[in-house]
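In what comes next, subunit A is part of two complexes: it sits with subunit B in the first one and with subunit C in the second one.
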Partner chain A sequence: MKLTIGNIRITDIVLGEQSAVTGSTLKVNVKELEALILEDERIASVCFDVAKPGESTRITPVKDVIEPRTKVEGPGGMFPGVVSKVATVGSGRTHVLKGMAVVTCGKIVGFQEGIIDMSGPGAEYTPFSQTVNLVLNFAPVEGLAAHDYEHALRMAGLKSAVYLGDLAKDVKPDEEIVYEFAPMAKGIEKYPGLPRVGYVQMLQSQGLLHDTYVYGVDMKQSLTTMICPTEVFDGAIISGNCVSACDKNTTYHHQNSPVVEDLFARHGVDLNFAGMIITNENVYLADKERSSDWTAKLVAMLDLDGVIISQEGFGNPDTDLIMNCKKIEALGVPTVIITDEYAGRDGTSQSLADVDAAANAVVTGGNANEVITLPKMDKVIGSLEYVDVIAGGFENNTNADGSITVEIQAIIGATNELGFNKMSAR
Partner chain B sequence: MLKIVHYINQFYGGIGGEEKADVRPELREGAVGPGTAFAAAFGDAAVITHTVVCGDSYFGENIEEAKAAILEMVRGVKPDMFIAGPAFNAGRYGVACGTICAAVKEELGIPVLTGMYVENPGAEMFRDKFHIVATRESAVGMRDAVPKMAKLALKLARGEKIGASIEEGYMPGYMRVNFFEAERGSKRAVDMLLAKMKGEDFVTEFPMPDFDRVEALPALKDMSKMTVALVTSGGIVPKGNPDRIESSSASKYGEYCIDGVTDLTDATYETAHGGYDPIYANTDADRVLPVDVLRDMEKEGRIGKLHGKFYTTTGNGTAVKSSAAFAQEFAQKLRNDGVDAVILTST
Partner chain C sequence: MVKEVERAGIPVAHICTVTPISMTVGANRIVPAIAIPHPLGNPKVSMEEEKVLRRKIVETALDALTTEVDGQTIFEVK
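And then the complex of A and B:
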């Protein structure tokens, strides 16, 4: 499958009465977007705000981050099986509003939501301090159950991103990138001397705020399966708003899957990107055994020479990570795993909940327990009411000068396990 | 100016080689041998006020006496920092440096630092206990080792933030510290995989540690006379979470009375845990902490009785070191209260 990505650089968002992309400015008709969001009667109200890099702004509690994209040519539409009808995406042409993001926030659903600081020390840990963000701040109707609230927010964020992405349909992109994935036999024929490399992506699937959907399928109900890597660029995988903020993969991360990008960057040069396997992280032991068995089996069936395995979350999924690694290494196929660490606030505790000698090649996104003090910001989008109860917060963590002290696990994307960031630990 | 005590062996102390390895520890004023190089590196920032010189054999064959004598010397000086070595690849010297650093750190609470070659047996024994700077095999590496050790020693003495091992030059294994790499993680993963497939050298960013596995005890045959306690890492707390146990990375555990409680309801209990879907635990906390079932078993005579207190924390994102410390404390309480068996539940 061949997919052309056309990036349209966005450097500013203006809220007003008309929706359009003009140069590098995105104009948003607030009334129209509000009406679209309020079609869902579970949402009582929504406020819009723009947060730009370098501003003294804190956004919290953040649920998801989404990049507006649109299908210009080729089958299917954005977020197939969720917003668009089910149809196989990943080929043709897709336009992207690059440099911006839709950020959903509002009253807390669980404990896992996080913080985005647009400036100061916290900004260095989240990639979304570098994007111009359209923040949707929701209030649910009274008495809405947690699962329904999460669903309402998730859909509102995705629908808004599609609404904005569609504005890019007829805009000429500033840059184009072509990704082409060859069927098995053709790949072997084309790159006879190159090692066949695969990507095993583990998707969080542990329940509320820990779910991931693929073409609308709740991944915890799926067997391990294969996907064409270009499909992820069209929103085939979406976040169900999960895990601690630092190592949740937001929808934005899926749309910009860094391992997929970097394997494509070497495709045909020193490797043959030969397959992508997606598996889940369920909580029952039997599910873990079955899913990791299937992961290894698909690696064997694809005849891969090497595999990168990425994780999502921590603790319980460390078991899935190590099972996948052990079973694939047992086939004689070398692996590299991408994880993060919970080594305690002083960094001297055991980092993972499960380890094995087979996992001898590890990339880490860093220690999520490291403590940081985030200075007071002039503007807060959302509410500071929850900064002590979100994962990474603790009692009395708001200081006299208005700064807050948290573990970096409270910062969106800080220790991302898809390898999105430059942070590591030693 | 910071006061530093430096530990060296009889060879670097100028007493002699193997034939003098049995000399007892002595305290000298000022810097001796490699200490003069440290003194130069410290400049005005710190001064080596005293040097302890001890024979390697004496230390190795009389560990307790040597430790006690040296601790006494250091205690008297009250330094801000204790440095030992560097020992390079000298095995007995490395073990002595490690042993005495561990004792000074633990007993006197003074920051410590040593340096040695990565294959020195002392490195294997102590690299997870404090900072050990990696040096070359022999004393020709003194010129590299001293500036690294001096810089790190000043930071430790001042209580400043210590960078990652790769930045500061200490051995990985003691402390994990975040830092920013030149490339993003996915690119590093692709590079590492290509190297691994080709059989080339690569450096894992997280060497697999020795994992702390606990052997299960043999099953209990008859619990009908036993007092059974419930302990959970599933975060069950009285409604409102009175002790504010964190949703992730718990810094504490809770101890709560369940005398007379036969059932946990949504009006009385909830979970503080942020790592799983809390809805079902909040509706009925017995699903995580099975008080109702144990009350039934108590009535049926299948257990002697349910202990009147339960212990709880959130396992989510909580450092193993913290969990172990909590458990050590409440295990003693359980023992003192005459508890015979414990049921541990997670999430």
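And then the complex of A and C:
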């Protein structure tokens, strides 16, 4: 499958009466977008705000971050099986509003939502301090159950991103990138000397709002399967929102998967990107065993020479990670795992809940328990009411000067396990 | 907690869902539970069936406590 991504650089968002992309400015007809969102009777109201890099602005509690994209050519539409009808995406042409994001925010759903600071020390930890953000701040109707509210705001965020992305259909992109994924036999024929490297992406599927959807399928109800890596660029995988902020893969992370992008960048150079496997992180031990058995089986069937495994979340998914690693290594196929750590505030505790000697090549996104004080910001989008209850927060964590102290766990994307962050150590 | 209680000379049966983690942390008597969000229950079955299930898990744990082990042992619930 061949997919051309056309990036349209966006440096400003203006709220007004007309929706259009003019140069590098995105204009948003607020009334029209509001009407689209309020079609869902579960949402009582929505406020729009724009947050720009460098501003003294804090956005919280953030649920998801989404990049507006649109299908220009080729089958299917954005977020297939969820917003668009089910049809295989990942080929043709897709336009992207690059440099901006839709951020969903508002009354808390669970406790695993996060903070985005647009400046100051917290901004260093989140990639979304560098994007111009259109923030949708929701209020649910009274008495709405948490799972219904989560679904309503998930859909509202995705629909808004599609509405904005569609404005890019006829715009000439500033840059184009072509991704091509060859069928197995052709790949071997074309790159006979190169190692066949695959990617195993573990998707959060613990339930109780910790979910990921693939073409609309709740991943906890799926067996481990394969996906064409170009499909992720068209929104085939979306976030179900409620994972700890630092290591939740937002929909934006899925749309911009750094592992997929980097494997494509080296495809045909020093490796042959030979396949992508998606698996889940379920709460039954039998599911964990079955899914990791299946992962290893697909690795064998694809005849891979090396595998990168990425995790989402922490705690019991550490076992899924180690099972995947052990079972693939047992085939004689080397693995590298990408994870993050919960090593305590001083960093001296065991980093993962499960370990094995087979996991001898590890990339870490950092220690989520590291503590940071975030200075008071001039503007708050959303509410500071929850900064003590979100994961990474704690009681009485607002200081006299208005600053808040949190573990970096509370910051969106801080220890991302796809490597979509800048923290590093040697 | 399992290890600290055992250090005080009291045997412990660890009921847990993810038995590999229990093995990693060093529990000696391990009883598999149902699922992480509901270790001792199952919302998919009736209340009556659930009670039977719960009793079986607890009885297995009690049996485990009185069984001599010479290494880490998983006691499957019958």
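Note that in this section the second predicted complex is superposed on the first by the 423 of 426 C-alpha atoms of A that agree within 3 Å, B and C clash if a C-alpha of one lies under 4 Å from a C-alpha of the other, contacts with A are read in each partner's own complex, and residues count from 1 in each chain.
In this section, a residue touches a chain if its C-beta (ideal position, glycine included) is under 8 Å from a C-beta of that chain, and two chains touch if they have at least 3 such contacts.
None of these values were measured; they are calculated from a predicted model.
Considered on the superposed subunit A, subunit B and subunit C are sterically incompatible, since they clash. Legend: residue contacts after superposition of the two complexes on their common chain; A:V355 is shown touching both subunit B and subunit C. Legend: residue contacts after superposition of the two complexes on their common chain; A:G216 is shown touching neither subunit B nor subunit C.
Of the two partner chains placed around the shared chain by superposition, neither subunit B nor subunit C is touched by A:G268. When both complexes are overlaid on chain A, the residue A:Q206 reaches subunit B and subunit C alike. Of the two partner chains placed by superposition, A:G92 touches none, neither subunit B nor subunit C.
Looking at the shared chain after the overlay, A:Y284 reaches subunit C, while subunit B stays out of its contact range.
In the superposed pair of complexes, A:P53 makes contact with neither subunit B nor subunit C. Touch criterion met: A:T319 reaches subunit C, while subunit B stays clear of it. In the superposition on chain A, A:Q112 makes contact with subunit B only, not with subunit C.
Looking at subunit A, you'll find residues 206-208, 283, 316, 354-355 touch subunit B in one structure and subunit C in the other. Looking at the complex, you find that subunit C touches subunit A at residues 17-21, 24, 32, 34-37. Of all residues in subunit A, only 206-208, 283-285, 288, 316, 318-319, 322-323, 353-355 touch subunit C in the complex they form.
Of all the residues in subunit B, the ones that touch subunit A in their complex are 128, 164-167, 172, 174-190, 192-194, 196-197, 202, 204-206, 208-209, 211-212, 244, 246-249, 251, 273-279, 315-322, 347. The part of subunit A that touches subunit B in the complex is made up of residues 110-112, 124, 145-147, 195, 197, 206-210, 243-244, 258-259, 261-263, 265-266, 270-271, 283, 305-308, 310, 314-316, 334-336, 338-339, 341-352, 354-357, 359-370, 388-395, 407-409, 416-426.
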